[in-house]
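What follows is chain A paired twice: with chain B in the first complex and chain C in the second.
Now for the complex of A and B:
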């Protein structure tokens, strides 16, 4: 069976949008032709292939207008919180106060890709001693120096402890340049020992009660700072409302992922799904709009699944993807090579789980923070990946190394070993820099080989 | 006596000794051969060398800490690659809050329970106090005291492996003298002197306070490292700094540029892949040139 849908180029999108507008398409305030972002420097868009739905158009415009929306938020009197090394905790707290807007400065790691190295951000990082031996998130340093990609936040937070050394070092360099940072500690998640009270976290990991209490105390400290910035305290009632909204985002994503990863035909391409998932951790600077964007995307996917249409063919190799890619084009390459995404662990699987509402709000957030697959053992992370592989029926795994990231030195081997032992699936480890053009042929060959292996194993 | 090996300055030797066990700070050579951690792109050579040699050390227990992400993750390989019991000590990166201090104290108590499970005795206040006032406590200082005509140099960075001691020889050969060993395995990795009054009153609190106060690039913020350096550089009259780090050691590599901006002294960056025999010719040439500039 083959699909009725095809991905389109940027040029095709602008023509298509024109037609859709004539047919009555109404866009949000940040809407417009995708081509205008190329004029702003987002030249990588010219090389990407996009889903052709209005829902995808809205998703892309939402993503690519974040800087403008942040500046507008500040002009409207809102305070900005930069939540660094934070995969879905502090933003939930910040958005519980209606005059705060949280964003994710680490997201600057995609700027060298989207703007095809034309911004000089990596060169600025180089000049500050943060060279290519660090993760591409070093582009964030350049973004702070130039102030050209996001406004400087009114409050910067950063989690430390069981986090990547490279990000921690980059954040410290930023701090050394004069940017105050509120550091909060997330300890390495460990098993409880005999005599210790254990807590089962959302997602299934276990940790001692003392670790939850510690993280709760750290988040309370962050909460006080947010309250001071907002001019009113962050109370449990506000936080519970914020958690409910965050859960709405997570619920939409859960349904979206389930359909996208399990439908016989791929109803939404990998690239759009990657961007949709990223919304869970920081809401792309607008939580309420995130809900609308995801709801529209889900409706489109539901319509396609019901109609039996989609991208690729039903025999596309079902691939589970580990770690986000620095070059967005690689998600296209997987599909061009005959694969489709059926499961992901983009470093923040915990941020897709619902936040418990039967607990005190701060207790619930502390548990969520400790449920982060990256703060525990690589074997824990591998176990979660194995569970999701089974849930979505993936046939192969790609571990996408992030150049220079401290966690990538060892965990790929561990994850690969566990997946092979537990699931008997082929595992491919690749490395994806910000721009893969020079390695495109090699990368495609490797992806095609994996797809071929998957198809051979079916026979 | 049963031996416990460790590598990190935040593991108090006195605490291990107070449990009736022999603390051994393992400084890797490194040795090649059978290994738990293979060479891998991105893997810190020190972390790799430590876990490989710790597993082969024949000790009764191994202590690893979370001071860096590489060592934290190397622990995963260690516990599955050896039957020697291993313990991962959570060392907080933050240090300015009571909660961080309490976390470290609680971790030391948890370490104590691990040591008892290995056959150690329960540490008593008196036993710990005795270990803390032993004259050989903090004996690992490697800075050369005194003054002479040679150029005083500091070496700064993370831990040194045994073979990195060649740095000291090369500096001497080139007419210099390392008067401040500010590496993790040197003077910087030592806790401040213990307060005898507090030893008598609450030795574990004093131990934790002294060890948590060790300045390191990985602390957040790491401003105390620069406070410590300002004091020690002034006290030792250092005229140049050798900055040593391993490739893939992000915490230290990131400090090199900041140090150069801050220190007001010539700085020579030396990186090491830790695998090959240190290239003595290249290293000698660089150090000689550096010393010539300072003479």
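Now for the complex of A and C:
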């Protein structure tokens, strides 16, 4: 069985949008032709293939107008919080206060890809002594220097402790450039010792009660700083409301992922699913709009699943993808090679789990922070990946490495070994630089070979 | 009806023709790779047919593989070298469980199941440190033909320690070793060991035997011994080391013709 839908180019999208507008398409305030983002310098968009639904158009426009949103928020008197090395904790707290907007400066790691190295951000990082032996998130340094990609935040927070060495070095360099940072410590998640009280975290990992209490105290400290910035304290009632909204985002993503990964035909391509998942971390600087964007995307996916239409054919190789890619084009390449995404672990699986509402709000957030796959061992990550592989019925796993990133030098080997032992699936490890054009042929060979392997194993 | 496989590698193009029941290799041929990859492959294919008194119409199907596979217009379809090597190896040595393929520009480790199907694979990333390119660099630096590297290495009593992480760094090390008066045979043997250690790193902790060594580098004597030592396991050289991929492609051409689905 083959699919009825096809992915379209940026030029095709602009023509399609024109027709849709004539037929009555109403767009949000940030809507418009995708081509205008190329004029802004996002030239990589010209090489991507997009889903052709109005819901996808809205998603892309929402993503690509974040800078405008941040500047508008500042002009309207709101305070900006840059939540660094934070995959879904401080933003939940910040958005619990009406006049705060949190964003994710680390997201600048995609700018060299989207703008095809034209911004000079990496060269600025080089000049600051943070060269390409570091994670591509070093592009963030350049973004702070040029102030061209996001306004400087009123408060910068950054987790430290069980975080990557690279990121700590980059954030410290930023601090040294005169950008004060409120550091909060996240300890490496460990098993309880005999006699220690244990807590089972959302997602199933276990940790000692003392670690939860410590993280709670750190988050309380961050909460005080957020309250001072907002001009009113962050109380439990506000936080509970913020958690409820964050859970609405997570619920939408959970339903979206389940349908997208399990439907017989792929109802939403890998690229749009990656962007959608990323909204869980920091809501793309507008939590309420995130809910609307995801709700429309989910409705489109539900409609497609009900109608039995989708991208790719039913025999596409079902691939579980580990780690986000620096070059977005690689998600297209997987599909061009005959694979579809059936499960992901983009380093923030915990940010897709519901935040417990039966606990005190700060206790719940502390537990969520400790459930972060990156603050525990790669064996923990592998266990969760194995569980999700089974949940979504994946047939192969791709672990994509980020050049220079060091969250765990051996994670590919550890995850690969455990997946092979537990699931008997082929595991492919690839490295994806910010721009893959020069490596495209060899990358395609690997992806095509994986798809061939999956299909051969079915016979 | 016959079937053809074309392996467009980074250094050489290989063509294999097999007969209708796939049991016999009718012809094999090889030519240097160049800029016009599609044209060179087509010329070699046509020349091989002509030398064997065959016409294009005698060929039921052509499968192209290798790094330049997408440039070959005469091919009916393309299949990656991972799959083709597995099929070729299965045909030549049926019980093999691990293939080590070292070509001019990349290296691969392919794990097979008991039925000869690919279970898993790994390929080298961007550096050429585990590939034939490393040997070309050392050959050029020492002024030795690539074909003589094996004989040179066999004279070494004390292989030099050379970095396996980066060919460019390694070349600098070679210059340093030469300036210290280190013998060429020790340097070549050291490079062979460095390539072998990259393969071990790619293989991870478990390598199932039997292990078969394919690719152009398998023809260089001493490389199999370096791999044996590094892996601590027996390593056999494929009966057709450089033709394995093209053979697999030809066998797959036959299989596809018989079972188009």
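In the analysis below, the second predicted complex is superposed on the first by the 458 of 459 C-alpha atoms of A that agree within 3 Å, B and C clash if a C-alpha of one lies under 4 Å from a C-alpha of the other, contacts with A are read in each partner's own complex, and residues count from 1 in each chain.
Keep this in mind: contacts are C-beta pairs under 8 Å (C-beta built on N, C-alpha and C of every residue); 3 or more make two chains touch, one makes a residue touch a chain.
In this text the structure is predicted, and so the values were computed from the model without any measurement.
> Return the chain, chain B or chain C, that is in touch with more residues of chain A.
Chain A has more residues touched by B than by the other partner.
> Identify the partner contact of A:190: answer first if only chain B is touched, second if only chain C is, both if each is, neither if none is.
first
> Please work out whether A:161 is in contact with chain B alone, chain C alone, both, or neither, and reply first, second, both or neither.
The first partner, chain B, only.
> If we overlay the two complexes on their shared chain A, which of chain B and chain C does A:181 touch? Say first, second, both or neither.
The first partner, chain B, only.
> Determine, under the contact definition given at the top, whether A:145 touches first (chain B), second (chain C), both, or neither.
In the superposition, A:145 contacts neither chain B nor chain C.
> Look at A:134 in the shared chain and tell me whether it touches chain B only, chain C only, both, or neither; answer first, second, both or neither.
The answer is first: A:134 touches chain B but not chain C.
> Taking the superposition as given, does A:413 touch the first partner, chain B, the second, chain C, both, or neither?
both
> Can A:259 be said to touch chain B (first), chain C (second), both, or neither?
In the superposed model, A:259 contacts neither chain B nor chain C.
> With both complexes overlaid on chain A, does A:170 touch chain B (first), chain C (second), both or neither?
first
> Using the superposition on A, tell me which residues of chain A are in contact with chain B and, in the other complex, with chain C.
413
> In the complex formed with chain A, which residues of chain C make contact?
Where chain C meets chain A, its residues are 67, 70, 79-83, 106, 117-123, 125-126, 204-205.
> Can you list the chain A residues touching chain C in their complex?
Touch residues, chain A against chain C: 413, 416-417, 420, 426-431, 439, 441-442, 445-446, 448-449, 452-453, 456-457.
> Residue numbers of chain A touching chain B in their complex, please.
128-130, 133-134, 158, 160-166, 168-173, 175-176, 181, 183-185, 187-188, 190, 193, 210, 214, 217-218, 221, 377-379, 401, 404-411, 413-414
> In the complex, go through chain B and note every residue touching chain A.
Its residues touching chain A are 37, 40-44, 66, 68-70, 72-74, 76-77, 80, 88, 90, 92-94, 97, 99-100, 103, 106, 110, 113, 217-218, 220-222, 247-251, 253-258, 260.
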